[in-house]
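Two complexes follow with subunit A in common, the first pairing it with subunit B and the second with subunit C.
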Partner chain A sequence: MRLTIERRLDQPRWLAAVVPVVSVAAALVLAGIVLLVTGHDPFSSYRKLFDAAFVQTGSVGQTLIAATPLAFTGLGAAAAFRMRLYNIGGEGQLYMGAIFGSGIGLLLGGAGGASPGVIAAMVAAGCVGGALWASIPGVLRAFFGTSEILTSLMLNYVAGYLLTYLIFQSQSYWRQTKGFNATVFPTGKPLPSNAVWPAWNVHAQGGIPIPLGAFFAVLAGLVLWVLYKRTRFGFEVQVLGDSEGAARYAGVPVRRKILAVMAISGAVAGLGGASQVGDFSHALDGDPNGLQKQAYGYSGIVVAALGRYNPFAVLLVALLIGGLDNAGNTLQGADFPSGLVGVIQGIILFCALGGEVLVRHRLRVARRVAATPELEPVA
Partner chain B sequence: MRNRKLALGAILLVVAAAAAVLALGTSPGSARSTAAFKAAWIYVGPHNDGGWSQAHDEGRLYVQKMLGSKVQTTYKENIAVGTQFDQTVSSLRAQGYKLIFATSYGYVTPAVAAKYPDVKFEQATGTLVSKNVSEYFGAAEDTVYLSGMAAGAAAKCNTIGYVVAFPIPEVIRHANAFALGAQATHPGVKVKLVWTNSWFDPSKEKKAAQSLHGSGACVLGQNVDSPATGQYAESVKVPWVGYDSDASKFAPKSWLTASVYNWGPYYLKRVQAAMNGTWKPGFYYGNIQDGFTKLAAYGPGVSAKAKAQIAAKMAYLKSHQNAEFTGPLYDQNGKLRVPKGQKMQVLKGGTNSLYGMNWLVKGVIGSPKG
Partner chain C sequence: MNNALVVVLLASGVAYGTPLLFASLGELLAERSGVLNLGVEGMMLVGAVMGFWTVQRVHVGSGALALILALVVAAFSGAVMAAIHAFLVITLRANQIVSGLALTIFAGAVGLSSYLGSDLNLADVPASRTFHPFFPSTMQNWPIVGPIVFGQTPLVYLSWACVVAIVYYLARTRPGLNVRAVGEAPGAADAMGISVTKYRYVHTLVGGAFAGVAGSTFTLALTPQWVNGITGGAGWIAIALVIFAFWRPELCLVGAYFFGALQALAPELQARNISLGPTELWTNALPYAATVVVLVLVSWRGASRRLGAPAALGVAYVREEA
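And then the complex of A and B:
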């Protein structure tokens, strides 16, 4: 007897609805067991988790802070994964967006209230920074067939070191050099006041500031949806994703598509970097215990996968994961180890992604090995 | 396409159902007395890192023990500088924690302090004193110097390896003190640095220790948070000087000593001040004399002669804080930085102050720029 996983030829509609429900339920039960074993009441823990993410005073505002960068990196990853172009470099592209965006903000900014012109320039710079960084693996893949998975991943480290260098190891344009505090501990130069992105304040929960970046993320989602669903470009990307051979045969310019999709993917992640600076940190954050520790780029890959590369679903998932992330901060403490928070988050993600596999594939118990039909391996 | 929509709808339904169940369930644990004063600590690494954060957490537990049910303390660990710190402060504040000990510089920025004016911030190692921000630290360079003396005495070769975090004045000051101490017991000894660019990163710290040992260091020391360097030192049987906490249990044979902090009494004083309304922002710099900095118990590798030398120097430093930074002091290039008889001050003097030092003393191998 052996267990095999094979691709479903047709996906029954009921399954698509039942699997997510069962996965989330399974996650809650599994995590509940872990909680019970470690001496925590699962119900009150879940309740606290939910409260901390969406109910308690100020929680939605904090969840949005965590969700906004995930939306960008999730959209960026989804845009590339659609074409089976595995851009793992969202992390580095986000850093480059932050470097470019803050550079332009410092250069053009001045006194006074938020300036649409400066913000637009920062958005553009962020997109350019991310797109350029993503184009390096793009070019290598398009012209030399180098695996974009490896090159984009490696460039994350390069971008991280560049970030550290700009603040900690040099007297760069991005670094605050005035005042004694800046000598004691290196920090980024604060953006001039008109380069700080405004937030739209909703009067609920004691004030929920919706960052400008969140609107840009929704806009980016909308643009990506239109691009991929309603244009010839998007259709060609889909075909290319399904079968490169077929696409070539149909005359799709493969090289140009690889370059374009990598640039788009990087631009979206880079915009996330500009938003990070404009919306939240208001200075380039070079601390490896800061932006680099958050790993928004890597989390974005999970967000993209859970959202099945659908831009709207990605936005929704980013909000949920952002909530989970934010709640994790609140939950952990003297009586609740942060490792346990990580375990619960991990179980939920694992079950959600595991469920995905079951929608497209099925488990088969094959009693006679000889009779097994030819199987398609699961990636 | 339909399947996707259906799936999305189902997820939403589950989330909504879960929300409803949770909303109808018991209210979150408010059984605890609300009369207790709430104070929170924020750590850059795990609370039991065997070093920096653990020393702070022991201080927190000391406060809890001394004040009992009058105070409720908690901590948040592995908190990133920047937006995550902001999120953490926001949620702590919502839970009624209005006194927050941020145990790493970089956490509290003027913007954060202004955003939460009703929160009293206490930040370790910085200089940013304002209406609701206090700064605190201590003259660890004195005890680091003494631990350097132990390293120098134990060195049978001419190179000591020192694993360091960030190229910032705090770490540079400690590296310099360590080197000066080592040179006091072992004239001419070189101290070689490897930067990890992180406060807590056991794997990088281990690699740094490996590379230092591989390039000829026969004693290892550190200015990072985890005991990874010590564990490596134990495995290759070379003496090790720790930092922040007594981590002898991680390397019982290699352990020499370490400069350690006793944060508890300061924390107690500040929590009490906040409780009775006398809390005022300030800058505290503890020392050996007031018991803030100490030398941990010696390991087997410290000779009787070294112990006597260290004891004599410690007695002197008790009444002469920071005496090790008295001129003549030369930098790596042999240039005279501090003239004879002049002592560096804590805050005054720009790059010739303890808090602004950006150059390494003679005999240190490595770049002060990381």
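And then the complex of A and C:
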């Protein structure tokens, strides 16, 4: 008996929806086995996980805080991966968005309540920062044919060191230099009050603040969906992703598409960086154990892959993975092993990747046929 | 004389470069067979934690035996991690990039390695056995070559042996030539009767084993303890290094020591009160920036083909579609 994999001629629509769901379920079973083997009770671990992510007082608010950056990096990755442009530099683009966004916030901000003008400028600056950073691998790919995978990855580290440098190793514009605390531990300069992004309070679970960034993420998802599904640009990107040869033959300007898609992808991740600063940290976080430990950019790729690069699915998955992250943070210590969240995320992604094969191919169990079949005796 | 900046940098370059060298040799083998594995960081961390676990918890007679066993365990656990990637990308033909990243998330600093480290209670204790410099201290005090060549742990000499072995393997042996064929033209290799699947599996797994050993270099020699995320991005540098070295093992050695020396540069300069601008920023960022430059150079006008990038790197092989 042997397994063979054959390409499907038609891809049923329902499979595309079922596979991610089954992937998550299978991942929970597999991670449960990991838990069992290492002597934990999977059911109680999962119940705690779910409680901490969505049920406990204040948990939904925390989950939203974790999900917002993932939505941005996920949408950014999805925007590029759709064209088989593997921008894995969402991490660095997010940092650059945070640097640009906080820079403009510090520059233009002042006293008083949230100012739409300042916030708009921060959003724009975040997008520009991310887009510029993503354009480095974009330009290199478009003009020199350099693989964007490795260049965008390398630039994550460069951006990370730059972020640390701005707060820890220099007297930069972003660093708080006045006050007692600043001499004890280096921190970012706090944003002026009108550059702090507002949040809407929903009266449930003891008040759930919905950050402004979450609305921007939904908006970004909507814009991307329209762009990719309803415009000529999106169609050309789709064609280019499926077959570069066909796209060239049809007269699609390949170079310009690469530049544009990388810039869009970086801009969305960069907006996530601006939202980090404006919504949550209210100062540039250069601590290597702070923002950089969260690995939002890398998790964003998980989110994008699990959402099969569909903007709405990406938003939904971001909420799920955000819940997982949030639960991991709250539960850490006690009897909840620290790396469990990464293990579950990794297994979900493995299952989704394996499942992807089932969308495109069918498995067939073929029995080994004997070389010379015996003749049936004639009655 | 042995305190001269150059000597100190070269000596620590060799020491810090060794994990990079092991990991990049492994990645090189996988890539030569056509499999890009971005999970090096994760495989290294699992190797690091399992190697450390072995010296702490498995009791065997002699110290040397315990350390050898630890290397074996580290190599094995690295290979197990690589097997996940191999199954997904070779058998199921999944996307190599996403799968490699998934492996790093699964096994890396927020995943399995951290899980094992906390579950097995390994954090914050020094290793009970570590690799020490191999040669007697009189030899280590010889001018210049003393610290650079004779002041190193056996792992360094093991890595040199691996470089020689892999150079010989790829250039002079039948399976070595076969693996190059598999990486360059899997269709042709298949037609010759070489099993593309088998070669890719074996080299991806061996690559994982090298990454595991590379990780244990941290926990058994360089910084002998277990700290979450102890490799600190070395796995990514190792991937960069393979390109930096044009997919050639002997150049991996040069590049590894260069990047290793860069890591030692900032603290060394600081200790000597020498200021060269934002030293920490550029010494940390330089390996990555240099790799970007090299990537551009090798990809310019198809130079990467001449310089050694396997033609089928990152492409799944399907017999009927080739």
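Points worth noting:
Criterion: the second predicted complex is superposed on the first by the 333 of 379 C-alpha atoms of A that agree within 3 Å, B and C clash if a C-alpha of one lies under 4 Å from a C-alpha of the other, contacts with A are read in each partner's own complex, and residues count from 1 in each chain.
As a working rule, a contact is a pair of C-beta atoms (placed from the backbone, for glycine too) under 8 Å apart; a residue touches a chain by one contact, two chains touch by 3 or more.
Source: prediction; values computed, not measured.
The superposed arrangement places subunit B and subunit C in clashing positions on subunit A.
Shared-chain residue A:51: touches subunit B; no touch with subunit C.
When the two structures are aligned on the shared chain, A:72 is found in touch with neither subunit B nor subunit C. A count of residues in subunit A touched by subunit B and by subunit C gives the higher number to B. When the shared chain is aligned, subunit B comes close enough to touch A:184, but subunit C does not.
When the shared chain is aligned, no partner comes close enough to touch A:228: not subunit B, not subunit C. Residue contacts after overlaying the shared chain place A:287 against subunit B, while subunit C stays out of touching range. Of the two partner chains placed by superposition, A:133 touches none, neither subunit B nor subunit C.
Of the two partner chains, subunit B is the only one touched by A:330; subunit C is not. Legend: residue contacts after superposition of the two complexes on their common chain; A:216 is shown touching neither subunit B nor subunit C. Contact with both subunit B and subunit C is seen for A:169 once the two complexes are overlaid on the shared chain.
Residues common to the contacts of subunit A with subunit B and with subunit C across the two structures: 164, 169-170, 338.
The residues of subunit B lying in touch with subunit A in their complex are 2-4, 6-15, 18-19, 22, 25-26, 28-29, 44, 46, 73-84, 86-88, 90-91, 93-95, 104-106, 109, 111, 125-128, 166-170, 197-199, 347, 350-351, 355-356, 358, 369-370.
In the complex of the two chains, the subunit A residues touching subunit C come out as 5, 7, 34, 38, 86, 88, 136, 140, 144-147, 149-151, 153-155, 157-158, 161-162, 164-165, 169-170, 295, 298-299, 301-302, 305, 337-343, 345-347, 349-350, 353-354, 356-357, 361. Listing the residues of subunit A that touch subunit B in their complex gives 11, 13, 16-21, 24-25, 28, 43-44, 46-48, 50-52, 54, 56-59, 61-62, 65-66, 164, 168-170, 180-181, 183-187, 190, 276, 280-282, 285, 287-291, 293-294, 308, 310, 313, 316, 320, 326, 329-330, 332-335, 338, 359.
On the side of subunit C, the complex with subunit A involves touching residues 38, 84, 88, 91-95, 97-99, 101-119, 228, 233, 236, 239-240, 243, 278, 280-281, 284-285, 288-289, 291-292, 295-296, 299-300, 302, 321.
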